[in-house]
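This report refers to the structure that appears directly beneath it.
Here the chain labels run A, B, C and D in written order, and each chain numbers its own residues starting at 1.
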Amino acid sequence: MFSWDLLANAVVAGLLLGGFYAAVSLGISLIFGLLDIANIAQPAFLILGSYAAYVMNEAYGLDPILTGILFTPVFYLLGALVYRVYYGSFERRGEESLRGLVFFFGVLFIIEVSLSLKYGVDYRLVQTGYTGKSIEFGGVGIAFRYLVPCVVGVAMTIALYLFLGRTFYGRAIMAVSQDQGALRLMGADPVQIKTIAFGIGIAAASLSGALLISIAPVIPSTDRDYIGRMFAITVLGGMGSIGGTLVAAVILGVVESLMSTFFGPSWSLAVSFGILLAALAVRPAGLFGR
Amino acid sequence: MAGALLEVDGLTKRFGGFMALNRVTIHVNPGERFGLIGPNGSGKTTLINCVSGSLPADGGRIVFEGHDITSMPAHRRTRLGIVRSFQIPKPFRSMTVLENLGIPLENAAHGRAAEGAGAMEILGTIGLASKAHLRPAGLTQIEMRKLELARAMAARPKLLISDEAMAGLSSAEVDDILTILFRLSAQGITIIMIEHIMRAVMRFSERIVVLDAGERIAEGTPDEIGRNPAVEKAYLGE
Amino acid sequence: MRHTAGTLLVGLAVVAAGIAVAMLRVNPYLYFAGYVILQYVVIATAWNILGGYGGYVNFGTPAFFALGAYTAVVLIQWIRAPLPVLLLAGGLVSALLGLGIGYLTLRLRGVFFSIATLALSIVLQTMIMNWDYVGGSRGLSVLRPSGPPFGNYVVFLFTVMVALAVGAVTVARFIERSWIGRGLSALRDNEEAAECMGVPTLRLKLFATTVSGFLLGVAGAPFPYYVTFVEPNSAFAIDYAVNALAMPMIGGTTSWIGPVIGAVLLGSAQQLATVTISSEMNLFIVGVVLVAFVVLAPEGILGLVRRLRGR
Amino acid sequence: MNRPRALIGIVVATLVLIAAVGLIPVARAADPIRIGLGMALTGGLSANGKPALLAMQIWKDEINKKGGLLGRPVELIYYDDQTNPATVPGIYTKLLDVDKVDLVVSGYGTNLIAPLMPIAIERKLTVIGVFGLANNEKYKYPNYFQISPTGPDPATSTATGFFELAAKQTPKPQTVAIVGADAEYPQTALVGAREIIKHHGFKTVYDKTYPPSTVDYTPIVRAIKATNPDILFVASYPPDSVGMLRAAHEVGLQPKIMGGGMVGLQFTTIMNSMGSKLNGIVNYDYWVPEKTMMFPGIAEFFKEYQPRATKEGVDTLGYYLPPYAYAAMQILGDAVTTTKGLDQQKIADHIRSHEFSTIVGKVKFGKNGEWAKGRTLMVQYQKVQDGNIEQFRQPGKKPVLYPEELKSGNIIYPYSAALK
């Protein structure tokens, strides 16, 4: 069944999927990778973003990506609030890891159930102007439904990369993850910096959630499918490495796509996680770990 | 050299491309008070991590009391009698001070003493007896350092490696710790002291080795080291 | 010695009480509810040996539980093995997996370890889904053997679970009060310091992952006979991962009684909610309770009790 | 050492509490007939479970308005099984032993009926299953009946009509690709499909499964396209039905006939948002608003159902599961009325031996408690427009192509012709 044409298509589809995975994982890469906060509720915020996009699309016919951008301030504030609670309850007392995890598990359930109480358990999906359309370059087809999220994902990655490297707050966030002393020399308050970083991480979920629902139907419990993927990508890419996240996301996307095309899709997810396990065993710091 | 308690022979350790220890050789004699100094990043902590077993060595040999311990896991080295304290105190936070001592007593001291008495005795000599039932979170900086030493003593060391036990303490507190270390030495315990506080090392050590950039650059009595131009250069730069 | 004898007596008393309850033939529903709660006592206790004492958070609880259940399914399909064999085999296979993740701790600590166990769970579930002999993704109906030793089969299973729970708790209590438990606490607090104080950390971790795996597998082994229908999604349900973590947290992780309290409270609350209010509210309550507990009572109910006593 | 004692106190107190609450039956009206069930109100199948429950409640309300059964009011007692088979044994034991229900019906779906079977057999209950696929094949329990019209051979029910239609087209298609999710229904449907394919002598060029959590279906669809099949049989659950369909459009996959066992395309929200992308798909269905399907009472049922469904936020049109859930209750009610009692065996004997008139037509049970003759429809989506939910209330959008006796329209063949 092998053909070069199929291979090219599979790789391209994988690259596109990888761009989307990067968008989904950026928030957790920031929160978990840089701040070391195991926010297991991140996928729930992702789905919250999806529902925001759905509601705005149903009510006003807004494009999901536009909604995603419009809602970033709301999500940012939500994230800041969650972090403040987390900080006050755990981090300040120096007992964050295990209890923090349970805390976020609780948050995950609360968001998930609130959504299903409000919007029910039907599959929700959004049709956009570009859904179902595709273009072709020399035998390689590109579906807009994946191209757009991929472009947005890469753009988000670049934006975050530039933000972290070029701005004061960005550098402060990088510093907070490595050296609290240097941060104090910069004259910044670590808690404030972490609040900002956490807020941005959650704000990213608003946009990536919108991308998600423009790709596939969503129900409140869809978040559970993404817990593994998100953390796998972040760890595989190397904690807190934004470029690494993109590369890891693309690797996962391409592997899934190749498996689906040539060997039987049934095993694609297991192979992805097998790669993660192997990577962890050989190189625990991930591909681009610090 | 026959009769040495600890022989480190051509020890090499790399981190990626960075050579942290380059064929370092040191010998420590039984009962000796041994000083290990060097500027930041010179490889002192890496050296004792390799000796205590926290890090695997990439080359060379470590011999303790005639046994080759180069690839022995850390806990077995402790049981043989090589015990270290940590630069940044690492107490068992969920346990009381007394329980902290129980761990080495139970795991390293071969049950040579009944737990309660032995632990209280050590706490008594080190001046922490009144804090025996507190958790580490309730201790002051100096008390933490003392706990670190007390816990090491509970492992009944033959060789005690004290990693910057005095950094950040006041002058009186430094004397306090020094007194304790002198007393341990008097009991026949060999001690390697890693320290930045020159006054303390010079006063305490019988012999000193200087590391710089992963290499041994000098060895001698405190007086000799004090006059060595290479040491001065390493510390002050050019 | 007195303690051990005491524990043994208490344990026997609980088993006896369990059998008495079984004989009394009280309302059968209680056996079903009781079975689930006791199953969670075993799971929470098993998780806590590694997670609570040793500080290694296992997200892969469903993998161990399901491995026990599916080992049983294989043996039932193959030779219709009797229940004691199923328990032992389920436990052993899971223990082997436990030993495997124990070696992972050589390189992986903290959240990395947790994520690796999560990945393991996904890989294992995919394998089961593609294995037709045990029903694959379609699931498999399991016929209960006719004629249990006493009562009806559910009563019998309930009694077995009572014994398993007592066994698990006894093991946990023994570990907690021995040098193993103290060593595990030391490595939880600071692994490097523990190793340097003579604690054989690797051996202890391997011991903890293996015992924890064994108990989780044992908890899963009777599951096929309890539900009579096994399919991957419910055997690998995320509920097991969440509850295994949440129950000890609510009860208190430092003592053997903590997971028991957590499992009984949260387990019965969930059972109650299933038959009284809607499950959506049920999950919601679990979420709120979790958040409230970790924020307001960080050391669980044990910590609350301790605080109330002014200690 | 009295800390543990205090805690054991707490534990005992809690146990007593649950024992108490667990044993107090739910409040009840004066001597009603109680019908118990577990239903998926949360979890994966809840999108169908909720409408099914609503249909049963409508039946209950109507029967009570008419004075109940045997002169006694009817009460439904239901618990959420969370789409988790592990909850089912507990729920039905509670229903039977604590709530003392007189009759039970099953929850929705094969996986949730399976754990009920041993309980039913042990206690000699009469059970009507709601959309279970081949639950009774292993047990052959005579008092089990199943309401979806899959017929005596459930595994092949979806594939039969689909491939029969395909075989009748000219030029006759030769090659076939089959694909489905790693889940219960799709796997069973694929097993059936393989059998039917062999029977018709088609050549299989692709046969693979995928995990339900797949995000991107493009690679799968492209691999299928590379094998260039004439027929594509898909057995999928809602999210992957949408994923496969969208990917097929993007990749330009156009076999001559496509569809078969795609669950979800019957649901209101999905039909509404997929719109014209549905055109040309030939898919199984159980009820559509075509003239041939207008059995007595069904129009009234939807008149009652649709406003209530809109209010409760469940499947607005409700064509898929609700009429059958209602019919299951009709049959049970009928049997109780005719046998003039609540004797499980008499009720079962009656159901087994009689034909019933329900809102889904005449129902007669046969082998293994399945419909004596299968009636899985094959419909084709035709001339569907985007974003118009009202169109689906009219005939013509989903004409019945199979079986012959219910046929209400003609297939547009090949698939590409239906896209124009």
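Just so it is clear, contacts are C-beta pairs under 8 Å (C-beta built on N, C-alpha and C of every residue); 3 or more make two chains touch, one makes a residue touch a chain.
As the structure is a prediction and not an experimental result, all values here were calculated from the model.
Peer 1: Among the chains, which one keeps its Cα centre farthest from the Cα centre of chain C?
Peer 2: B
Peer 1: On a C-alpha centroid basis, what's the spacing between chain A and chain C, in Å?
Peer 2: Roughly 32 Å, centre to centre.
Peer 1: Hey, how far is the Cα centre of chain C from the one of chain D, in Å?
Peer 2: 35
Peer 1: Between chain A and chain B, what's the gap in Å when you average each chain's C-alpha atoms?
Peer 2: 46
Peer 1: Return the residues of chain C touching two or more other chains; collapse runs of consecutive numbers into ranges.
Peer 2: Residue numbers touching two or more other chains: 126, 129-130, 280, 283.
Peer 1: Would you give the residues of chain B that are in contact with at least 2 other chains, written as numbers and ranges?
Peer 2: Within chain B, no residue contacts more than one other chain.
Peer 1: Counting only residues that touch at least two other chains, what does the list for chain D look like?
Peer 2: Each of 42-44, 182, 209, 211 in chain D touches at least two other chains.
Peer 1: For the protein chains shown, what form does their contact graph take: line, ring, star, complete or other?
Peer 2: If you draw each chain as a dot and join those that touch, the picture is no line, ring, star or complete graph.
Peer 1: Strictly by the criterion at the top, what is the full list of touching chain pairs?
Peer 2: Chain pairs that touch: A-C, A-D, B-C, C-D.
Peer 1: Considering the complex alone, what residue numbers of chain A touch chain C?
Peer 2: 32, 38, 85, 89-90, 93, 95, 97-103, 105-110, 112-114, 116-117, 224, 227-228, 231-232, 235, 266-267, 269-270, 273-274, 276-277, 280-281, 284
Peer 1: So in the complex, which bits of chain B are touching chain C?
Peer 2: Chain B residues touching chain C: 52-54, 73-76, 78-79, 83-84, 86, 90-95, 99, 102-104, 106-109, 151, 154-155.
Peer 1: Flag every residue of chain C that touches chain D in the complex, lowest number first.
Peer 2: Within the complex, chain C contacts chain D at residues 27-33, 36, 126, 129-130, 136-139, 141, 143-144, 152, 154, 223, 226-229, 231, 233-234, 237, 239, 257, 260-261, 264-265, 268, 271-272, 274-276, 278-280, 282-283, 301-302, 305-306, 309.
Peer 1: For the complex, give me every residue of chain D touching chain C.
Peer 2: Interface residues on the chain D side: 3-4, 6-8, 10-11, 14-15, 17-19, 21-23, 41-44, 79-80, 82, 84-91, 93-94, 97-98, 111, 114-115, 117-118, 122, 138-139, 181-184, 187-188, 209, 211.
Peer 1: Write out the stretch or stretches of chain C touching chain B in their complex.
Peer 2: Per the stated touch rule, the residues are 179, 182-183, 185-186, 188-190, 192-202, 254.
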